[in-house]
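Note that subunit A is present in both complexes that follow, paired respectively with subunit B and with subunit C.
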Partner chain A sequence: MSTIIGGQVLRDMVNDWIGDGKRVGGPGYVGNHLILYRWLHRSDELLLESYPRPHNSIKEFLFPSHEKLYHYKIDGQHIELSEAVLPDAQQIIFAARPCDAASLPILDHVFNWDYRDVFYNRRRSLTTVVTLACQDHDAHCFCTSVGGGPDDERGSDAMLFALGQDQYEVRCFTDKGKALFEGKLEESTRVGKVGPGPERRLDLETVREFLKTDFESPLWERQTLRCIGCGACAYNCPTCHCFDITDEKVGSAGVRMRSWDSCQMAMFTVHASGHNPRSRQPQRQRQRIYHKFEIYPSKFGEILCTGCGNCSRVCPVGLGITPVLTAIQEEQAARAGTGAAQEAGREKVDQ
Partner chain B sequence: MTKQLHKVCRELLESGKVQVIIGYGQKDRGQPPHPVFITSPEEVEGLVWNDQCVANLTTYLTRKEIRALGKPAIIVKGCDARAIVVLQRESQIDRSAMVVIGMACNGVGEPRLAKCAACDAHVPAHVDITIGEAVSEPVDPERRYNDLNVFMTQSTDERMDYWQDELERCVRCYACRQVCPLCYCERCVADKNRPVRFSTAPTLKGNYAWHITRAFHLAGRCIGCDECTRACPAGINLRLLNLSVARAAENAFGYRAGLDPEAEPVIGSFSTQDKESFIK
Partner chain C sequence: MVMNIYKPDLMKVLQVRQQTGDVKSVRIAFEDPARAAEFSFRVGQFGIFSAFGYGESTFNICSSSNWKDYIEFCFRKTGAVTEALWQIEEGDTIGFRGPYGNSYPMEEWEGRDLIFLGGGIAMPPIRCAIWYALENRDKYGHITVVYGARTTRDLVFQDELDEWAQHERTTIIRCVDPGGETPDWKGEIGFVPNVLKKAAIQARNAVALVIGPPIMIKNTLPVLSDMGLAERDIYTSLENRMKCGVGKCGRCNCGPVYVCKEGPVFSLEQMKHLPNDF
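So, the complex of A and B:
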């Protein structure tokens, strides 16, 4: 047995939520070609199927690109602080991809570690995540290499499976998910299927072996020299979470803000003295890989990557995670000796 | 063309005339070519040339990591080559200390990039070696501004709404800046934090400040390679802003950036005959 819902009912639900003052974020067209997650005004802005995934991530809905932390007023020696208004609207992330939803339990660690981040956690508790299982994938997707997949349930409160003819199977995993669909579902015998998902093409054990021994490897230089040091990969990554804190002051009053930041930017590590411990781009690229595949897993037990492939999708110079990890794997295969390398080559041909 | 490119590059490296070739490689045929830095003659086979070579490689000429590789030869299209003229005029490069290889080009990108429809640089100018053949014909200047002209048929309010929607999406990833061959400042005004010059946060206000500043800093300098527009992950059509300032420079001063290595840069010179009609 399964429970299903019609596409029109779904769209009506989205409109009702918006009408009730809930915030609904989901994928839609920006211009004629680009598909991004955005806050929706109407359900007809929503784009459900026939594309691999949006070029940005859902993190904007929980950890926005800029946020006021508190207000301040300076009057001589006297400084007055006032709290920023905390978000209080219920929000629904609709038709997220599994590789986006999976980022939330991963991010929960860092936002509840040495400090409980009030803003993130507040939004997290106000949010219900409805994921759409993937039918399609493209050359950048690699969820299956990092423990995910087209119907990975991590982070989802409910999941939709396209049945064709504007029908969806709905699986609710949490109370939040159940509450959202309460009274809306029909019983059925139809069960949703997913696409095959991307072929598993990375072996993280091999990658971590390399990271343990090869901090100084010439591979970093060779492989990442073309990186131009922008924030495109990090800002569209569901798991990157660094931010910068700045003051925006007009006269004697202002706000303290936090805005996204990226370890790929040269300014990220500049000390007040002017010294920059990561002065070259390959060092910054190495940092991104180490943080995701070595540091975060050592600290929190989970890889800081869901395999969404956005870093490669948006990179202006064809870099991102996969080209680097693939190069690491090739290096490891070459080291393991010609025999093993041939073996790997044969496997590739077989696939 | 690729064979000839390999031959030329092999000779340049073997003779020691250059130490590195800044060119295009393509490891995965399914993906567009990406920048590569070839330092030994054995690797030149890794260089590719095809109509998907969109990146403007001249942005690497001023990067310290690439400079450290030694004297470069760089592969450019006609539009890209203009950046070298500007960089030289602005004393950012020593033109005599590099070899510029120009590829005849009939257009790139899938679909073809907007700039290619009004290109008058199919044959690169001011290069040291030209590979391939193409015909560059003069283009009706208005054709270069087609997209801008269409945009300008809208009312002021409509245009304001458009920019509001577009700039709201900017996340300040600075891909537009990093990819730009003429955004070579060591410390961009957008990164100044002692004191902050304008909001570094991606608020609508901060984004307006960033984009207006960026457009003005590139006035009379932008060569129209549209790399910023290609790089922008938010799909913001920065091309419209660039066209607007480029037309101001062309109309008011008869100047187009990167065409003539001898011409006085419009930003770096003045004349008592200068028109002031654009100051309102």
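So, the complex of A and C:
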């Protein structure tokens, strides 16, 4: 048995939520070709059809690109601080891709180790995530190489599976998901299918072996010197979470802001003395790969990547996770001499 | 309401001392008496200091943890935030978050001789440990301070160097780079590693804390090795750029280590296991 719902009922639900004052974020067209996640005003802005995935991520809904941390007023020598207003409206992220939802339990670690980030946590507790299992993928998708897949349940409260003719199977995984669809579902025998997902083409064991043993490899220079340091990979990544803290003041009042930042920027690590531990672009690319595949796993037990492929999808110079990890695999295989690692990678793809 | 970890405490500026042409030290106290009463820190920890309207900067808390009514920090005028801090006067209000990071293992160092080696603006993060050791004088062996700066005008806390020299079993050596001396200069002329070598310090039971520009640290380490110090007995404090101070913003890491949480204090033995990323 399964539970199903019609597309029109889903769209009516979206309109009802918005009418009730809930915030609903989901994919939609911006212009004729670009598909982005954004806050929706009406259900007809929502895109439920099959396509690979939006060019941005859902992190914006929990960790906005610009966010107020607190306000201050300056009165001569006296300063008055006041809290930023935290959101209190329930929010529903609708028709997100599983590779977006999977980022949330991963991000929970960094925003809660030791010091708890109230801004992220508040939005997280107000959020229900409904994903749409993937029918399609493109050449950039690689979820299956990093432990995910077209119906990866991580981070989803409920998941929709397209049945055709504007019908969807609904699987609820959490109480939040069940509550959202309560009284809306019909029993059925129809079960949703997913696409095969992208072919598995990375072997993370080989990658980590390389990262553990060769920090100074010339590979970084060779592979990543063409990076122009625009940061597009980071801004569109569901798991990149680095930020800057800056001031915005007008007259005697101001606000302390947090904004997305990227390890690809030259200023990211420069010391007051002028010394920069990562003064060259390849060192910054190396940091990005290490953070995702070595540092984060060693700290929190999970890689900081869900295989969405946005990094290479948006990169103006053909970089991103897969091109660099592929080069690492080849290097590691060549180093092994026997090509054993490459062989192992191929076997896994075949399975 | 859960605590907003980014919101600072408001601090009253009690005193501003100009140390050199571009370095000032500032004494501040909590506006909120309840926060003042509960606050404590360990020498070696750092804070994130706010100039409202300009931003935040990271500095070591350079006062001793035994001083209960205030804390101090010291900065060089180098950017927008420090330009703004340069303008502050007694009675002004600034922000402080902290204390953050690990600290000097002062208990482990008990019974040992202490060698403090500092270059230029690196004296403040050493000063807190020197005061702490002098205030617990019986617990430590001989204390040697070698402090170098480019010129005689770039030495900070000069009056305190004189005060430290008055203590028993304490040797203070000042040096300036060749050409940085004045005709009446009574200290050494030369770079910290050379002056250290020349000083021929008895180092059989010593630990060393070395803080300064990367080139000074690099050239000082072989001298300490020659003196017989083990890697586990040589310490430094990394000064990576930070924004959050609480292990979130992602920029201070050196390989797998978040300097803001697992540092800033590392032994040379620990540093040997970090990638060349600092």
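Just so we're on the same page, the second predicted complex is superposed on the first by the 337 of 351 C-alpha atoms of A that agree within 3 Å, B and C clash if a C-alpha of one lies under 4 Å from a C-alpha of the other, contacts with A are read in each partner's own complex, and residues count from 1 in each chain.
Please note the rule applied: a contact is a pair of C-beta atoms (placed from the backbone, for glycine too) under 8 Å apart; a residue touches a chain by one contact, two chains touch by 3 or more.
Keep in mind that this is a model prediction, so the values were computed, not measured.
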| task | Please work out whether A:Ser188 is in contact with subunit B alone, subunit C alone, both, or neither, and reply first, second, both or neither. | result | neither
| query | Between subunit B (first) and subunit C (second), which does A:Thr206 come into contact with in this model arrangement: first, second, both, or neither? | reply | neither
| query | Touching A:Trp113 in the superposition: subunit B (first), subunit C (second), both, neither? | reply | second
| query | Which holds for A:Phe243: it touches subunit B only (first), subunit C only (second), both, or neither? | reply | second
| message | Once the two complexes are aligned on chain A, which partner has more residues of subunit A within touching range, subunit B or subunit C? | response | C
| task | Answer with first, second, both or neither: which of subunit B and subunit C does A:Leu319 touch in the superposed model? | result | first
| said: A:Ser217 in the overlay: touching subunit B, subunit C, both, or neither? Say first, second, both or neither. | reply: neither
| query | Who does A:His275 touch here: subunit B (first), subunit C (second), both, or neither? | reply | second
| Is A:Gly254 in contact with subunit B, with subunit C, with both, or with neither (first, second, both, neither)? | second
| field | Which of subunit B and subunit C A:Ile74 touches, first, second, both or neither | value | second
| Common ground on subunit A, meaning residues reached by subunit C in one complex and by subunit B in the other | 244, 246-247
| task | State the interface residues of subunit A toward subunit C in the complex, per the touch definition above. | result | 69-70, 72, 74, 77-79, 81, 83-84, 110-111, 113-118, 121, 215-216, 241-247, 249, 254, 256, 258, 261, 263, 268-273, 275, 277-278, 283, 287, 290-291, 294-295, 298-299
| message | Under the stated contact criterion, what part of subunit A meets subunit B in this complex? | response | 30-31, 33-34, 36, 55-56, 65-66, 139, 225-226, 228-232, 234-236, 244, 246-248, 257, 259-260, 262, 265, 267, 280-282, 314, 316-319, 323
| Residues of subunit B that touch subunit A when the two form their complex | 27-28, 30-37, 55, 59-60, 63-66, 169, 171-175, 177-179, 191, 193, 196, 199-203, 206, 227, 230-231, 233-235, 237
| For the complex, which residues does subunit C have touching subunit A? | 1-8, 10, 50, 52-57, 76, 78-79, 82, 91-93, 95, 213-214, 239-241, 243-244, 246-256, 261, 275-278
